[in-house]
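Mind looking over this structure? Questions follow.
Here the chain labels run A, B, C and D in written order, and each chain numbers its own residues starting at 1.
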Amino acid sequence: MSSLDQLFVNLSGWLLSFFPAGARPWADIALKIGVLVAIAPAIMMYLTWIERKIIARMQNRFGPDRVGIYGLLQPISDGLKMLIKEDIVPRGADRLLHLAAPILSVVPAILLFAVLPFGRNMIPADLNVGLLYFFAVSSIGSYAIFMGGWASRSKFSILGAMRSVAQIISYEVPAILSVVAVIMVAGTLSTVGIVEAQAERWFFFTPWGVVGGLIFFLSGIAEVNRTPFDMPEAESELVAGFHTEYSGMKFALWYMAEFLESFAVCAFTVTFFLGGWHAPAVPFWTLALLLAVIVGAGTRLAIPVRGAGVLGMLGAAALWGAQPIPSWIWFFAKTYVLIFVLVWLRGTFPRLRIDQLMGLAWKFLLPLGLINILAAGLWAWFPFPVGTAASALALIVSAWLLVRINNPAPLQPRTYVFAD
Amino acid sequence: MAVIGSGVLRGMGVTFKTFLETYPWGRLILRTLRIPVTNGLFTIPYPETKQQHPERFRYFPFLVYDGTPDNLRCVACKICEQECPPQCIHIVMEKDEQGRPVKAHGRTLPKQFDIDMSICMSCRICVDVCPFDAIEMDNEYELSASDRYEHMIFDKHKLLKSADYFQKIKPTEAATVDARLAAKKPKA
Amino acid sequence: MLPSPDEFKITLEQLLPGVSLTLDAGWLVVAPNDLVAVCRCLKENERFSLDYLANLTAVDYPSEQRMDLVYHLYSMAKKHGPVMLKVRLPRAHPVVASVTPIWRGAEFQEREVYDLFGVTFEGHPDLRRILMWEGFEGHPMRKDYVVEDQDVPT
Amino acid sequence: MELKTSISPTIETQQLEVNLGPQHPSTHGVFRMIATLDGERIVKLKPVMGYLHRNHEQIGERATYIASFPFTDRLDYFCAMSNNFGLALAIEKLGGIQASERGEYLRVIMAELTRLVNHTAVIGFLLNDMGAFGTPLLYAFREREKILDLFEAASGSRMMCNYVRPGGVREDVPEGWLERAREIVNAFPRFLDEFEALLTENEIVQQRCQHVGVLSKELAMNASITGPMLRASGVNYDIRKVDGYSIYPRFTFKIPLGTVGDVYDRYYVRILEMRESVNILQQALKEIPDSSASPAISPKGLALVKAPRTFRPPRGEAYGRIEAPKGELGFYLVSDGSSQPYRYHVRAPSFINLTVLEDMCLGYKVADVIIILGSIDIVMGEVDR
């Protein structure tokens, strides 16, 4: 494999070579922990920057561009502001729990990164029960939220905390069911194994993979309390939900936990369904050639633009042909595409009411997840043409049936009289 | 009945189109796909580029003088003080010791003319009722002050501005005012 | 179309014996104690069907020691114009029956008149001050309500 | 205030009393609702108002008829122009002033532009209450700003216009204004289509708004509800058609009526009303007489602008009302012959539309109360006066 792909692996190997043989495993662990704890806040800070810029652009405005060029230093100034802000604890609050809650919510968010395969053999801890670890750690977050809501002794926080616990628990079930199909097909719980199983065909390009991926992604958004499922911190009703009474660095910790978990959800969706660090089946240089043809044929574009476009694409094709794009770039590229979708949802949708939210989880995603396992079975058992067709049919019929049975607020179109 | 998800997806299409519209390359893509580009970036970075206000934009009033500051048009007739809805104008006429009004340039003049800018709501009624066109509306809006009482009460000297300043900021309005004054000139 | 005020007076006096109505420049002046009867008849009567109370307010006349309650009634069903009712109350102790049971729209307007003028409405479901805070004494919209100017140096 | 504890066989639960407001992100100003909750469901809801009470009516009694015009801008600070229009009509009825032809056209144009401004802002805030992170609100405000620039060019200020006077408008519009207005009005339907594509078919919006806060036709009529709220419940009552004040009878336009009367109908009736307003504006901008043909303000009105003290209407009373974007805005003036009104009362639509807030919210969730309040469209300046 090319050197660029294994860049970080060789780098860590070279660093570890300085340690004596006995201490090498400990140094390895310390190095990995150090890297993760350094990367996590950086990822979080620049996620806030990405979100504010993208949503701003969706609303015809610039987004932060005062601090540093294009506002790149904005997250740092936000972090500094949070440090300076006074940390108010409500008088009736239970001080210990009020302090422990944000910490307890950030720790699992960082722990999730341990089993994330960033690139070819670039995984901090290659557990063979990686998936089980992921679900165990991600469910600690609901304790922290309820602890935070309860400790701040304010009516709005309690309402927000109760809503969040109900929501997280009811969305873990469809998430797990959708991943059961992946385990069944991949045959292993280890995240590296799952990514290897998608070598020649990403799970997303199978009928059950599409449905499973959507269910997992939606449940992930709900677990992270982001629009359109952000009931627990509904600004318009509960002022700020469970973290109403937090300020200063504690509020920043809540914020970090939310963003790290949303990054983790996107990363794990990529790992389970979008082929982790695998390059797309179609070699990328053919895509570059295709782009070159399109740009060349673009009649509306000015001649110099077309010429430059074609040359650029041809150069890229030659480069990528010789030196394929490294695996970890693929992983981060796909993750950031999913993050764009996450932010896109936040920029577009209002939030669902709490009972509709629950209804969606229990009455729609859960049965669909079960049927999805059946579809995955059909797909795996029967040979190619029959299996895919059978599972696709099963899924479409069941989805339509579920919508018909649940009959969300009768959506027959409204008639409007035009009187004179 | 449309497919259950279509409304949601169309909504996302609108926001994505707006996202693309704000970038030049985005507009390029939209134009090649023949999607009409309606409006791109709408906000302006304030201190660098300032918004162009139309001529009639009014903020706080100012007193007009022709030529030198002591030749102001105001004759301290107090009609504006009477008509001002929030009563934020205070005028004291210039008098000598015996209490007789002092005349300058053939007109009486105000010794003291204060407008409390923290109460004035720039409603332009003083300009409407002034028979001598002595007071006009300014369009200077960067007036933040640290203290409400000393800085926000504009006295006569702070209010006085020349007629050609008025000509510069509001040409058409100044033209009608000058025409009216010229028509009155031969009579006076 | 809208019958003329004196037609109102005649028909109302026929329908409700013992009711005395006077006409004052297009206004129907009603005695306080048979206000409810007149209003109910105006609302239910098929020809008038004044089912919409647009405006209810009070006017204070300290010089004549009286306070007028003004009712503007319209009909949404027949879309015809204002019928204006007036009730004259003694200024010292203005009390009148509430019309909220007839028109639900009067609920807030009567509370506002109670709050700003001091007219008590019997039979009002929830007669509390609506604009002023609970501990406020006095009725600001009365002509004789003068607040001494705090920052005038006494 | 004892809180009933519902003792079901297994669990003993107690009702929770929560104060929604006065400092609350989505109560459209300083408005407070004391809500008694059983879990998430609303059991009782008492509105509390008066935090923004400035006794506007007493100020009106101590000022001349003209001096209370800038204060009407502050009544419903989203629709300054139509508030002025209401007061101008009442004074014209009281003083027997006849407005000039061009003045009438300009006032109708300003009033209908105000309806566009108000309805876009309302729908934007309604979506904001539903949790959309500002996007629909900013689309709505982008269009609203274009119209406010028109107001600034004509009257001098975006929102505190103080432009309409009895007899017409204070100053004629600058030249080039009418062309810009035609441009913006013709571009408005395209914005509405894009706005509807984002919202009307959106399943989440439909789920959140349909069959929520239903207001029956009978209760709406009985509780003197006016404006889009009333028409969303299916009652055909629009004062522009009923009274035919100013020159509205010359324009052909329709009145959209809802069927169910829930939050979704109130939202969609406002969008249809905006389309009708664009229709009226196009007709008015086409037929407006040239400024040489008729002045922007009648001579009697101009005199009143120049010398407010000289206007002493005869003894008597007048109740002028208009179809403001929020409902029937009425001005009741009693004149005793002096230059100041003896009694000056404002019939505010938002104030009376709040009467049925509790009836609409009972049984719904906390999240619904916020959007029901948003769909009523109240502005505290007008509620508290």
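A few points about this structure:
Just so it is clear, contacts are C-beta pairs under 8 Å (C-beta built on N, C-alpha and C of every residue); 3 or more make two chains touch, one makes a residue touch a chain.
In this text, all values refer to a predicted model and were calculated from it rather than measured experimentally.
Among the other chains, A has the CA centre that is most remote from the centre of subunit C. Top-ranked chain pair, ordered by C-beta pairs in contact, is A-D.
If you average the CA atoms of subunit A and of subunit C, the two centres end up 63 Å from each other.
Remark: subunit C and subunit D have CA centroids separated by 25 Å (rounded to whole angstrom).
Centres computed as Cα averages put subunit A at a distance of 51 Å from subunit B.
Distance between subunit B and subunit C, defined via averaged C-alpha coordinates, is recorded as 44 Å. Counting only residues that touch two or more partner chains, subunit A has 58-61, 347-349, 408, 411.
Shown for subunit B are the residues in touch with two or more other chains, namely 4, 8, 11, 14-15, 18, 39, 42. Looking at subunit C, no residue sits in touch with two or more other chains. Taken together, the subunit A residues at the contact with subunit B in this complex read 54, 57-62, 65, 298, 300-301, 344-345, 347-349, 403, 408, 411-413. The touching residues of subunit A, counted against subunit D in their complex, run 55, 58-61, 155-156, 159, 227-228, 230-231, 234-239, 346-356, 408-411, 414-420.
Against subunit D, the residues of subunit B that register as touching in their complex are 2, 4-8, 10-11, 13-15, 18, 36, 38-39, 42, 53-58, 82-85, 121-125, 128-129, 137, 172.
Residue ranges on subunit B touching subunit A, taken from their complex, read 1, 4, 8, 11-12, 14-16, 18-19, 21-23, 28, 31-32, 39-43, 45. Here subunit D touches subunit C in the complex through residues 49-50, 53, 55, 57-58, 219, 221-225, 235, 237, 242-243, 316-317, 319, 321, 328, 330, 332, 334, 342-343, 345, 347, 351-352, 354-356, 384-385, going by the rule given at the top.
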